[in-house]
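So the structure is just underneath, and the comments pick up after that.
The first chain written gets the first letter, and so on, giving A, B and C; residue counts start at 1 in each chain.
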Amino acid sequence: MAFKEYRLGAAMVGGALGLSMCITILMPSFDLRSAVSTKMALEKQLSAGFDIGFGYADPLLLGINRPITVDLETDPKTGAKLDPPIRAYVYKPGVPMPPNIRHPHDLGKGVQDLSESQGQIGAVSGSNHSKGSQEGVVFTLALGEFNGEELTYIENASVTKGWTPDATLAAAGDKNTHHISKGKTEFVVQGCWWCHTLLPEQTQDWQAFGAPPYLGDFNGENPTAFGSDRKAPDILHVASRNSSREWMMMHFFNPRLVQVNSIMPRFDYLWGDKDAQGNTIDYDKWRAEYKEYSEGKRTYPPEVPDYAPDSEIRALIDWVLSLK
Amino acid sequence: MLLKYLSAKNEDIPPGSAAIFFGFSAIFWFVVGTGLGSFNAAKLAFPDFVTGTELFAFGHMRQVHVLAVIVGWISMAFAMTMMYMTPALGNTRMWSEKLGLWTALLWNVGLSSALISLWIGITSGREYSDFAWPFDLVILFGVITPLCVNVIMTIAHRRTQGIYITNWFFGACTFMVGIVLLVGNSPEYFHLTGLSEAYLTWWNAHNLLGLWITPVAAAIAYYTIPKLTGNPLYSHRIGHMHFWSIVVFYSTPASHHLMSSPLPEWLKSFASVEGVLILIPAVAFVANILLTMKGKWSMFVENIEIKFSVTGVFLAIPLNMQGGFQQTRSINWFIHGTGWIVAHAHLALLGMSTFLEIAAVYFGLQQMLKRKLYSLALANFHYWFVLIGFCTYWISMTIAGLIQGAGKIYEVPYIDVVIAEHPYMIARWIGGTMVFTGNLVWLYNMWMTARVGTLVPDGRYAHELAYER
Amino acid sequence: MAWKMDNPLYSLSDEQEQQQILKMWGEERMGGLIHPANNRLPFPLTFLIALIILTAFMLTMPIWGQRPTAAIYQTHVELMNSPEVQKLATPEEKMKFINNEAYSKADNALKGQLERHPIDWYDLQNLAPHIIELQKQTKYPLDNFTVLGDKVVLANFEGNFRADGVRERKQPWWDKGYTIDVFYVAYYCLWMFIMIKRLPHFTKKPVTT
């Protein structure tokens, strides 16, 4: 080939790559942008908040500046009984807004319209979306009708019902408070997703692991952390199979307590230094006793300590139990 | 030693300095990466091995192993080969040896800090781009961009008329990998969410392999095999066909990694056809290299660099056969998410690509240091340990993956799959440890070469001289 | 860039240009890496490439690995509560009867689908209410729905537009992905052909010195 054709060749490399990117990125982006958020997506998004991975609000991924999920049995403003209980998502002052409050278009047709008109999500007060709002916001989910279709949308309960973050947290109480966002961060940081995938496959394994996700089940999620290398059961619907907090505690502290053949690592370090009563957890003693148990010198394994309310393991179990 | 040149004038820096810096860094990261791999495998085989500490938990170490190997060993070995092959093929000097040295320094510093931050848990949670985005930017603009500028400027200032196929690959791939890192990490830069995030994560992961690791490894073989055998490349035509089919076909099938996700069906159909077409560059590459070996097959036994290179080319055959077919709808449902994929990924990175790079680093370091390899015996030890270790790993994980796939479709309780896989997890650990041991020996061998290897006279090639040990 | 079109299968560049290139190749020094590397694509290689392209399309045809549509279980759902089935004692017997009935009524295409997507009694119990529900609506026919786990959802295929303006949700013969592939592969083949035929014909060897 003649030499001036080298220049043509370089242009062709660019052209081929550009064409390939048009087909593989630009064209599907139209399909993906038109996905309408399902209820699952809205729940995941509101409970997770803006960032799960690295971000400005929590650069060291310690689980700070996170939304808190609560189950309300009484109305935080009026004190009236709520039956059935309502799940609310509390964004304290300074907690960044969830992604689709910033970009409502990504909620999808219908959900966006309802969230804006009925749910008042545009009226987040004193809001700088990346830094959160000054007074804080409480979101809930609500059902509405759009063009004859029933859709779940986001409601800004601070505006529609006058719920404030502090009153909402107080009304729920610690028992009904779930640190789901912090828990998902633990899931990512501790690398749970290197073995436990979040994507039941569309072909065969739904019998064991539940329904595969649909288009629109992910809107507003970042990272999706599907995982690719499954060495353990898929956990997208784990709480539908097992919702026992006690089982989770034993399993996280030492998986061999509940499943002798498990190859899961121990996550006892997530308990931190103190247990629920504020006593120091003596890990060495526990391990020594567990060793005796595993060697058959004890009949029962040592007791798993209760976790402190602000421990990492609490958040992680809160998140796992939210995976219905 | 080399650091004194960082502030020297470009003309005063001896050619090959950057290649040497990159070469030893790459071997160092290879030792670190495979050491981590062996450690992680031990944890999978024996879950209570080093337990109860956050930093040494499997979930904190796994991604450090992956990225130490990809960004440390493989990519730095690529940079090393670019630093000596590009000027050699253009009959010129590196455009800027100094820029090369600075790139190598920044690469080591940036990668160390990125890996430490990843280790303590600062992550984006996206597979193969786990680093937090500031580190992604360091890698894109501090490492890949200067490398790309240096390589393309060297090619532009060549003193030959033509551009050899290796340089086509080098120039295009350093450019394309920059685009991939820019676009593929956009979910982090611009906080994209949902299925777009998932898709771009795998677009990035796929194209890192497709437009960087696989083609550059092949480009290296296009240099080492003709150079060491003395046979001219069988056909430049086939080489170009390889190059163009990489750009055209390998950049497209990203969505085959997410066959079981709710991506648009047309995109999956498109990707699965393109995925099979990856066999075109593969067939072209393997045919071209093996035809080049004609008449020189004795070197496969006698010459350590050819031994590594040709083994890498042979490993490309099962690699692409798996890669082409395992992603179609009809097969993917069986092996998706199982150990089969882990085996396949190691076949690409530790098998095909690593073997080709090891050969190029052996050859390049001897050339640039102008010293004969310290010990052939140690090099052979390295070869056999890496090969047997890799095969043990590959075969055991493939079997484990098939067990897992069968368990998946026959609805076997998961724990029974875990029990059935256990022997293969131990085999995986033994294989990984053998690779690690081999690499330690390699580092020692290369270090001794730099210190006491016999000097190669001007105008001669290291491989023409006899070994002394 | 002198082009010559009279014998494209032989070469696209004229004699003078071919000589220029050969001269350049003869003089080029790249450490002995290339010359005289003007070999043809070996015929087996060309054959393999054609085979790969053919395989790529054949192997990824929609019939392989396609998920089941709700329509294929229609007969199962109809038979499920029939007196014949209720007479049978165990789920296995019931399912065997239903499968045999459904299979004998099916045409060839459906038979293949049924073989690839077996279903047991309990799964059928889960799916049946969804399918019955869907039979009541008229917007989409049953084969526009995919069986996904224990649920039935609208497939995300983009098919032909129907007369009433609604888009069918089943894979059309011109599936967008495949259509793009055809053009994409054609573009590649054309470009490769031009590139290779612009080089001197393989019978011409550069003179090496």
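By definition in this document, contacts are C-beta pairs under 8 Å (C-beta built on N, C-alpha and C of every residue); 3 or more make two chains touch, one makes a residue touch a chain.
Given the structure is predicted, the values throughout are model-derived calculations rather than measurements.
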Chain located farthest away, centre of chain B as origin (C-alpha): A
Selected pair, greater C-beta contact count between B-C and A-C: B-C
Whole-Å gap separating chain A and chain C, where each centre is the average of the chain's CA atoms: 36
Separation of mean Cα positions, chain C and chain B [Å, integer]: 31
Contacts with 2+ other chains: residues of chain A: 12, 23, 202-203, 207, 212, 214-215
Where chain C touches two or more other chains, by residue: 65, 156, 180, 184, 187, 191, 195, 199
Two or more partner chains touched - positions in chain B: 161-162, 244, 248, 252, 262, 264, 267, 270-271, 333
Interfacial residue positions of chain B with respect to chain C in the complex: 88-89, 91, 160-162, 164, 223, 226-227, 230, 232-238, 240-241, 244-245, 248-249, 252, 262, 264-277, 279-280, 283-284, 287, 291, 324-325, 328-333
Chain A-touching residues of chain C, taken from the complex the two chains share: 1, 13, 17, 20-21, 65, 67, 123, 148-151, 153, 156, 180, 184, 187, 191, 195, 198-199
Touch list for chain A against partner chain B, complex: 3, 6, 9-10, 12-13, 16-17, 20-21, 23-25, 27-29, 31-33, 35, 41, 45, 50-54, 59-61, 99-100, 106, 188-194, 197, 199, 201-205, 207-208, 212-233, 255-256, 259, 261-270, 283, 287
Complex contact set, residues of chain C against chain B: 24-25, 27-42, 45, 48-49, 52-53, 55-57, 59-60, 62, 64-66, 155-158, 171, 175-178, 180-181, 184-185, 187-188, 191-192, 195-196, 199, 202
Partner chain C, residues of chain A touching it in the complex: 1-2, 4-5, 12, 19, 23, 200, 202-203, 206-207, 210-212, 214-215
